[in-house]
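Should a chain be cited, it is by its letter among A, B, C, D, E, F, G and H, assigned in written order, with residues numbered from 1 in that chain.
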Amino acid sequence: MSDLINKKISQLKSGELSEKEFAKFLQHLPYNNMGNIKLDFHRQLRRGLPEVIYGKGKSLLQLEAIVQKYKDLGEEILITKLRADYFDSLRSSHPDLIYHERAEIVTFDKPPEIRVKGSVLVLSAGSSDEPIAEEAVVSAQYLGNHVAKEYDVGVACLARILDLQDKFNDHTVIIVVAGMEGALPSVVAGLTSTPVIAVPTSVGYGTNFNGIAALLSMLNSCSGGVTVTNIDNGFGAAYQATLINKKISR
Amino acid sequence: MSDLINKKISQLKSGELSEKEFAKFLQHLPYNNMGNIKLDFHRQLRRGLPEVIYGKGKSLLQLEAIVQKYKDLGEEILITKLRADYFDSLRSSHPDLIYHERAEIVTFDKPPEIRVKGSVLVLSAGSSDEPIAEEAVVSAQYLGNHVAKEYDVGVACLARILDLQDKFNDHTVIIVVAGMEGALPSVVAGLTSTPVIAVPTSVGYGTNFNGIAALLSMLNSCSGGVTVTNIDNGFGAAYQATLINKKISR
Amino acid sequence: MSDLINKKISQLKSGELSEKEFAKFLQHLPYNNMGNIKLDFHRQLRRGLPEVIYGKGKSLLQLEAIVQKYKDLGEEILITKLRADYFDSLRSSHPDLIYHERAEIVTFDKPPEIRVKGSVLVLSAGSSDEPIAEEAVVSAQYLGNHVAKEYDVGVACLARILDLQDKFNDHTVIIVVAGMEGALPSVVAGLTSTPVIAVPTSVGYGTNFNGIAALLSMLNSCSGGVTVTNIDNGFGAAYQATLINKKISR
Amino acid sequence: MSDLINKKISQLKSGELSEKEFAKFLQHLPYNNMGNIKLDFHRQLRRGLPEVIYGKGKSLLQLEAIVQKYKDLGEEILITKLRADYFDSLRSSHPDLIYHERAEIVTFDKPPEIRVKGSVLVLSAGSSDEPIAEEAVVSAQYLGNHVAKEYDVGVACLARILDLQDKFNDHTVIIVVAGMEGALPSVVAGLTSTPVIAVPTSVGYGTNFNGIAALLSMLNSCSGGVTVTNIDNGFGAAYQATLINKKISR
Amino acid sequence: MSDLINKKISQLKSGELSEKEFAKFLQHLPYNNMGNIKLDFHRQLRRGLPEVIYGKGKSLLQLEAIVQKYKDLGEEILITKLRADYFDSLRSSHPDLIYHERAEIVTFDKPPEIRVKGSVLVLSAGSSDEPIAEEAVVSAQYLGNHVAKEYDVGVACLARILDLQDKFNDHTVIIVVAGMEGALPSVVAGLTSTPVIAVPTSVGYGTNFNGIAALLSMLNSCSGGVTVTNIDNGFGAAYQATLINKKISR
Amino acid sequence: MSDLINKKISQLKSGELSEKEFAKFLQHLPYNNMGNIKLDFHRQLRRGLPEVIYGKGKSLLQLEAIVQKYKDLGEEILITKLRADYFDSLRSSHPDLIYHERAEIVTFDKPPEIRVKGSVLVLSAGSSDEPIAEEAVVSAQYLGNHVAKEYDVGVACLARILDLQDKFNDHTVIIVVAGMEGALPSVVAGLTSTPVIAVPTSVGYGTNFNGIAALLSMLNSCSGGVTVTNIDNGFGAAYQATLINKKISR
Amino acid sequence: MSDLINKKISQLKSGELSEKEFAKFLQHLPYNNMGNIKLDFHRQLRRGLPEVIYGKGKSLLQLEAIVQKYKDLGEEILITKLRADYFDSLRSSHPDLIYHERAEIVTFDKPPEIRVKGSVLVLSAGSSDEPIAEEAVVSAQYLGNHVAKEYDVGVACLARILDLQDKFNDHTVIIVVAGMEGALPSVVAGLTSTPVIAVPTSVGYGTNFNGIAALLSMLNSCSGGVTVTNIDNGFGAAYQATLINKKISR
Amino acid sequence: MSDLINKKISQLKSGELSEKEFAKFLQHLPYNNMGNIKLDFHRQLRRGLPEVIYGKGKSLLQLEAIVQKYKDLGEEILITKLRADYFDSLRSSHPDLIYHERAEIVTFDKPPEIRVKGSVLVLSAGSSDEPIAEEAVVSAQYLGNHVAKEYDVGVACLARILDLQDKFNDHTVIIVVAGMEGALPSVVAGLTSTPVIAVPTSVGYGTNFNGIAALLSMLNSCSGGVTVTNIDNGFGAAYQATLINKKISR
């Protein structure tokens, strides 16, 4: 089947096949079977967003094959949770890849365009939460959102939050990234009517239990309007924010 | 009291009241101090939704005072997690209250009106998850949403889910209520581009650990587009769905 | 030995023994051996505070014997965590006992006097946290402190907290009682230089895990100046506050 | 006793002892006592399967002695969970060993023969679950089963699973390997009457808790016909599948 | 659609529709939509076993409707985990139901027939594990298996187990039910080549943690050939045993 | 086989069989098969102690049958964890049973005799730990030990412990029963060369987690010479103490 | 910047600056916005203590920028939890920094002055708890307290503690640092009327669970007068002690 | 220093020293204060055993100082849990130290003598449990016990255990070391009247949770006569066994 796709891709490139015809072809093709890894082209059609590759735990060979395939298809790609040393190896065969260092995200060098109405505000509680906040910011940008960010605005200094308060209602989704006691989403949600997506981080020590303290805090928020992602899942929050913004854009 | 606020707002617009005077008025109205319970009227201004009373753990006296206060103010009310026997006592002094039995919710007898664009679809996995699903449905209705529901569509019989698949994208938010292994949100999110709010329930036994199995399953969903509430928090999901729909309605 | 004490008590009452001599006698008496229960009179000398009886799990017979013994000695008593139905039985033999209902505390009918400088402010987050907050308030009063209290000031409505902010530094200890996500102590500690003792409560449901969510939140507070007691241990916080105030009173 | 065995082995090799006689000798020999390690020859007789060596935590010396002993006896061997660097050391003294890299399994170079009726289908949810799936596949092959496999068929893309659905009933056991939310076994079991053995993997992050999320999901499966092994225990699933297939082969 | 089914049922009873035609009709009917509860008739076709109703958490009304529907269809039923007091209410409207008291299972009064080759041996460790063992026994019988049982054969007295040892290989599946330290499945699996399905029970106290100790013990069994069900899931073990025996019967 | 035993018992009573012959008969009889409950007579021979019945979770019928059987055999009995209301029912058919109320233990009315050298000292930390301490005391007495006890000697008042210190080395085993923070065994073990068996109790609240806090404290004791039983397992400690004292008595 | 503030305060006192102007000055000085890291100068006003930098998880660049900013402002600094290798890098650009090696704390080379009445006694249970105890000692010294310390005084040897007993009441706060079973705070609190701040450490193995055993032990202390910090949070204890001592110094 | 003590004891016996003077001598000798580490010489008097040094977490400097001190005093020493690389450093300054490699124990080169009656049998379940079993064996030998050992006798092959069964009663204590499902102590205790000390090991993977599965299994043992140590605490078991044997030796 992979031959068929390659043929279709050639036809697409040569103009033998129109973009519309190629899309139709893909609609009848459940997924691209690359041996043990199956790429889900239907997703783009079903969900309107490219497949995102979770980088951790994949071998370099698997990653290189995936990147090549998407490059051939002219598709966008977003690889998350890829450590810098892995990226260095990957770049040797694909020198045009961009590495978003703090976010640990890899993308192609095409600049993202704004695809949705609405906008996402990303807040982080402490400076140590920044990598996960950056994962959310970069993901949201590459998924086509307007993104604003304010970092290091934890509840230990309420003045910082109160200063920002007036902007909260201007956005359509607020992503709040916090470790330690995870109180920021509750405080923010109490000050706005914008839905809050809370991302617990594994920042902290001792009874933080790698983010469980923050997670439980967020799940038990006394303020309404808070839903929660897995610990350190900045991408997941950006993805959900994008789905919401796409609904707004209809 | 909302009338008073509206009157003040009119005066503000007409110039009868200066901005400073209006701010001062608000400053003295932060919340209604009923001794040890403080009702938050600012919330309506801040969030555009009435305060919701969490019924569990409050004494009958507290509940009666709260109901009376809201009745005097002509405000709406939504009391969640109120057991039937408590309601029976409460009704003796407030015979006009309505009890939504499966949902364990109390409301005034005013019919809710649709206040937002968009709509909410509530799915439940098993028939034992119905009470929490009903909590979500009744809450979403009284918060002003269009609501559709489909129950008993767990993953053990995929045919049921595949039958509904075409409707998923028509809604702006899908609330998925599931206990046991909590797999339904992952499956639903894989089939739609509508954001999914997952509500784990405490239904199950043994290693279900009162909903932890379902909660963890949902937090670790391999499908993007799933965020999670506390266990059994049907109201919380409805509240978040309402905030999203209000953004769509702008 | 119990005979010896009884004799000494008679002598004290009759004036045969001065209070000073009696105190000296007690100093040489490690504890009062009532069979299987040993009352610690040294504690009053060592710590300057009466022994407090943890009511839960003790039989009615044990409680009656303890009350009688303290009455004979003219000592103060504070029984905590005693359910109303137990108290009703206990009162039949000791009609002069006072029951502080919400606090579930039993005391003798002597009004407490102020014994320390400084003062304690007790805050509670939600109206459901009130019983534990009351346990702290009544305990602190009977241990001789000036006590102020403000309830229902959770982080979902920051206005309530900011209103109180100016008073925080006036007190020497602030006890903050909170369930659910337990964010209040972090916010309060960020606004004051008064030491905060945080008391997690078992209020909440689902992932609250009977107070663990709040406990972890408090132990991981991003604000300095927060130490924590066991879940629902309002008395423990009051006791610690008293020890601090006694140091201030030296 | 070890001398006796060596003597018997020599006799077997020289033809002094028939295979049947040697088997009889072994039947009367509970286990081979190699100092601190005891090899269980009875198992082959009791269970019809060779002893499998759990490689992790054994020293190189222990492993070399075990391999030598089995070689002397002409017995098959399956060493599981042996990291590549350990194998490299082991191979220097036993160059004829085969290393199944992704599966982290060591075997002798004899090709396995089919010993049982029935067949095993191994499914894996994500590409990161592949090592454990391979452990199951290689184990099942070397234990004498027909084995088929399909990888990367997680519930986020149901189309992949529905495509395979028709094959499910053709096999006598299905092993489903999944990390993250662990929903795949529930979905598969709902589509077939073949017994499903679910293997949770430690793939994931945050609240996955190294496989606990997947494990709990599988134990709480709403579909009947699912039993579960330890986390990452691909071999254990293959072993149980073999016992089932042996029953079918009677 | 429910009208259609009722009509078809009438036609079936009147002979207007043959059994074969009715089966064909059902094949094209995904499931029976009873409002909020959906019965899965396809399951019988897909899996060859009747739908089993999990009794706990269902209301009496729901249960009565389910029983009536199955009675109308002439289908078998197995309701598990139904407490005696619930059954007493249910029997008043359906006097022909049978209650298996120790097993807490409800069935229709038709005697079960043997439908599969192979047989199931159910072992229990202590006399307190008997209810769950009985749930397995009754379930296995009503699902059409030959069933043998031996209770109170825990590892504290090995003699009891060694006495039974010779019978182990005669069965095609052994279900081992054990609470406390859960050691019995490991010992049994070490003595046989029959696959063992281990059912941890919540019997015990303290660190048993309602069955977690036994569950972990079973998941970590040093003997191969053990897979595990949820705690107290006697039915689940019987169901899996039936699927295995059906494979043997092909 | 039960007939055979009954016949043998008759013969024993009639003198047809000597006690020695009867013992020999029992030696060849692995256990007494009472249908689903198997009594282990070999244990007395193997371990020199009567079988102890764990009362919790057994039905009244089971208990009555067990009591009757032991009465017929003239054997001693010790039923632990039997709630008072169960005993009241049991006594109606067996009026000669003794109930040790605080210990929740049932015995026959024969006074125990001292069978071992050495002696057991039972300490408890708080008055709420008394029931479990009593379970240890009564069990140790009925198993034939010299027993001394000292209650309410927790670490909050070291004077009590230091007073007892001199007696610690006089005993051969010390059982220390403690809930809450479980510090007593560490302190006691630091003061003596007598082995300490620590029994955590479920006394406490909040983060005590029904005895886990005490259990962990005891397992992590910084003092050598402490081993631990299950939570609330006073009998288990007494049993182990008896085995130790029997070794001393050889 | 503190100079600027002091200047402004002088101006305020002299009347050069009105209260309103001073407030405005403060309003524009909420915190120093260094891009993504915000330094909280208000804290000094609100709490009277310099901001402390949690070193773990911050990048070298972030740390260097922070150090430079504070140096420019002439402010004090305390960086906690900074590993030796990080410090070596940091010192290359800031050679005047001091590293407190066991405490893993970095400070400027200004000697601390005593700023509060009262004093802090730091106790540690075992020699392995020393690093956390040192963190408390150095922190308390740099926050301006009189500090005394006694290490290796665990409960396994009560003599050591009893020797120190007389000094306990001389201090205004006792910080007790302990790992393993965490019994020391309970014993110390039982011997004094000085408030005890308990710091659990992650010292131990197995069921210590990285400090959870000690934490639970401390939260469940049977002695009053114990509050608890996060695991390994020596700084947090010193900070709270300072707040208490500042109250004493008013 | 032991010489000094012995001299004083001789003087006491000869009457040269009164009992009161001797007590006074001891009072001034509570422990040797080496700065932050305090060696407990009283322990030898109180418990009759040398202080044992827990090697993990101590710095090389601390260890060298301790070794030197004991050498000077002519005292025995036992350092546990000391990794090989640490020992290599330690040996450079103390070349006469012996390293027991598998046990990770350091001792002086004096051969141990038998000091107690009775004997200890150490059993281990799997070959991976050997290091902890060796820790128990070496510790027990150096504490003066007769020690026997049998390794790799797990329950998967009962024949091995039944072979040893006859020896069990010959010993006065049996230490059973097991990881994975931890079933061995229950089986052994069921076969003997010798007290069993169970040592869970962190051997296993997945749901073994670093030894928790084995620990819970042992705490919940259905066989009487089992008490438990911390995970991997082979030394602790040996220490307790020694205390028991010393009682036997009186």
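The rule is short, and it goes like this: a contact is a pair of C-beta atoms (placed from the backbone, for glycine too) under 8 Å apart; a residue touches a chain by one contact, two chains touch by 3 or more.
All figures in this text were calculated on a predicted structure; none of them were measured in a lab.
Any chain bridging chain A and chain G, meaning touching each of them, is among C; the list is complete. Between A-D and the choices C-G, A-G or D-E, the pair with more than half the same contact pairs by residue number is A-G. Set against the C-alpha centre of chain C, every other chain centre is closer than that of D. Comparing chain pairs F-G and B-C by the number of C-beta pairs in contact, the larger count belongs to F-G. Once the centre of each chain is set as its mean CA position, chain C and chain H turn out to be 44 Å apart. With centres set at the average Cα position, the gap from chain A to chain C is 50 Å. Computed from the mean C-alpha positions, the centre of chain D lies at a distance of 38 Å from the centre of chain H. Shown for chain F are the residues in touch with two or more other chains, namely 126, 156-157, 190-191, 206-208, 212, 215, 219-220, 224, 230-231. In summary, the structure contains touching chain pairs A-B, A-C, A-D, A-G, B-C, B-D, B-E, C-F, C-G, D-E, D-H, E-F, E-H, F-G, F-H, G-H. Within the complex formed with chain E, the residues of chain F that make contact are 30-31, 36-38, 40, 42-43, 54, 56-58, 62, 81, 200, 202, 210-212, 215, 230-233. Residues 46-49, 52, 118, 172-173, 190-195, 197, 215, 219-220, 224-231, 235-237, 239-240, 243-244, 246-248 of chain A are the ones that touch chain B when the two sit in their complex.
Interface of chain H with chain D (complex): residues 126-128, 130, 151-153, 156-157, 159-160, 163, 203, 205-208. For chain A in complex with chain C, the residues that touch the partner chain are 125-126, 154-158, 162, 180-183, 186-187, 189-191, 204, 206-209, 212-214, 216-224.
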